[in-house]
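Naming follows writing order (A, B and C), and every chain is counted from residue 1.
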């Protein structure tokens, strides 16, 4: 991380912020949780934190990002407060800005790359990556030990963590009369948008007769499985351990947490699927679903309440 | 994929099929979903599809595999229909036949192979594979970045996807009186039959005092975990994200979907374990089990019905 | 495994054991399950086995570790019995002792290691490992294809199986007003204690503003996901397929089986989380929790009993 100066903060983010006691600002050299900070830390106070004013006086950090002006001026007379509506977001943007210039493009000589692969010049490709006949957009990072099979198209500013496998054969079979499975052709590709992140040891299979698609800014966590023919929109979080079965569609801005989604299910936009849910049916936009099998959060709460009563009866 | 000609189809599959309007057959160059096909696509109509006759007239493909002769001759006068009882199976067999000759055996020079490993001459071993003192049968494919520990025996025509780890130490410990875990010896091997597929980043641990066994034609999906001492029969589908705990036995022809199976559970033949089920008890042959914890499908349906009523009451 | 002699057993473990018919002891060359043993096998009889005396007479092994003296002397007149309170533990210790000397330290020349990484001299680092700016303690083993990002500190006598990824970016984002996710800084490290085991393809993410911590002797199975900021104590078993979300704390001596634990949950000491449980709330020390969502085992049993009745009604 580079040292952060007040000018940088003002230049990039000044329009939406108010700075109190600017004279107390000191250059920031690290980030830490609020109660273990030192003088040179940048810290933020979460919008939902309890007893926010007391956190301002408790932290040793000189510079605090928060969403309020404390009533008691004395409590922050030796600090610099940066006031904004979304402190966590501003904090993230400041630190990301300070870390940005650390990106260095390079292709490790050990990477095994198909001669017809098209890789943008300013990518970072780590050691022992295996890249088939693929396309990779600018400013994309493949950490070490990743595998991209033939037919994978990756956008720009994508990050793929170690051990991820993209474009492997989808899991599709037809049984002979005697039960022997015959592989069903898996000849589609994988299309990954811009600013996507793929976690460590995650798997995204190629489509059967069409492509598997991941939209821009969708973030896929470690050990997630995305199956053949899935079409996933933009700005989604697909959190650790999710299993998304084949031919599922997911809209935009969803939050899918450690869940399992049955094949051919359609999920709308702005859907929240609660931690550990089992999704067996379609979910309309703007819904929150929970449970095993999953249901609308109101039905879920009612069911849990009645089951609790049943236990106590 | 090689170009597919009518002679090839007749030679290999002619006995069980009826060809209508053979004069309309044109050489096939690609496969696509039925509604996005072009003239040179091979398409099939699923047995369970709705409104099958209208799909024949809607698709742009000239050659259609289906299980019926449309009543309206006009609707397919410019097409060639290949009629068979199981169109999906015939479609798969035709395409697999056209792709077969693409297999090229080779051992990538970067593969690290134990000097006493016995590897058949016509295998494909991808980059950065690590192969211990193992045996690998003919016509088997290891995609890149796979790891086989010592003591793994793999049959013929097996496919192992990238990142799979086979033969790692099983998870077995005994606690000392003070709680410290002592590793229990894991000295068995792994035996994998013929025509098995192992998905990307799947794990199959070696046995403790005996072998872990995977039967012929069993298909293991991505991110599946198979534990020490598991003995799994033939023709099974073990679908993405399954966790099969230790000393489990599974018969033949089962379908196990994104499920978790407790250690020492015995599952018979022809068993279906529903998506996301949690199997805590033995399952007899020919049963369908669902739910968390899993139960016979009739009990499951009854329970779900009553819980739905409970929510609405 | 080296040949095991009676002197070795007496020297290391003699204080807590009683040896009957020492004259029948023969050098041990292998380990096998009790009913498939040969004369030169070491076998043990589990404390919970049914009909233990008959197992003594049935096994072909000459040397049997057990926790009882059979009443019928005739039944073991040609065997040597090693009697101890915990036969499985003694068996494990004897075999581990015989296997110990097989450890050979080495760093495979293909390992890609950061120039500032500090690696103890007597480690084993397998092929194609990628090691960032890390510290690795003595007598630690990294099997092949492992990835350690910058900022990972690993203790002594640790074993990390193939495909494990340690220190990857945690999954943390803040949404812009338009829904676009902005990565939240993930600048912490990972601290792994002594005698920890990390399974194949397991993932341990680095912390956001602090470290992710794994205590001594904690055993992590294959395909487990440990998130940013998790602090896990000593002597825990985290069994295959567990997803531990962010900022979770786990005490000591727990058994967590194929479960999912929601973020920010606190779990005490000596807790058992049943196979496949979904943990959404804190669990106090010494409790057993089961179910989806998880609850105290007594509540769980009561609920299952009532649901069974409901199905039958």
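In this text, a residue touches a chain if its C-beta (ideal position, glycine included) is under 8 Å from a C-beta of that chain, and two chains touch if they have at least 3 such contacts.
Given the structure is predicted, the values throughout are model-derived calculations rather than measurements.
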Next item on the list: Call it same or different for subunit B and subunit C: same when shared residue numbers make up over half of all numbers used at their interface.
Entry: different
Checklist line | Angle of the C-alpha superposing rotation, subunit A to subunit B, to the nearest 5 degrees | finding: 120
Notebook entry, point to check: Using CA atom averages as chain centres, what separation in Å is found between subunit B and subunit C?
Noted result: 30
Checklist line | Sequence positions of subunit A contacting 2 or more other chains | finding: 110, 128, 145, 163, 201, 223, 241, 292
Check: Quick one: in the complex, what on subunit C touches subunit B?
Finding: 1, 31-33, 36, 86, 88-89, 91-93, 95-96, 99, 108, 110, 126-128, 143-145, 159, 161-163, 195, 197, 199-201, 217, 219, 221-223, 234-235, 237, 239-241, 252-253, 257-258, 275-276, 292, 304, 307, 310-311
Note to self: Can you tell me which positions in subunit B touch subunit C when the two form their complex?
What the structure shows: 110, 112, 128, 130, 145, 147, 149, 163, 165, 168-169, 171, 173-176, 179-185, 187, 201, 203, 205, 209-210, 223, 225, 227, 241, 243, 245, 260, 262-263, 278, 280, 292-293, 295, 299, 302-303, 306
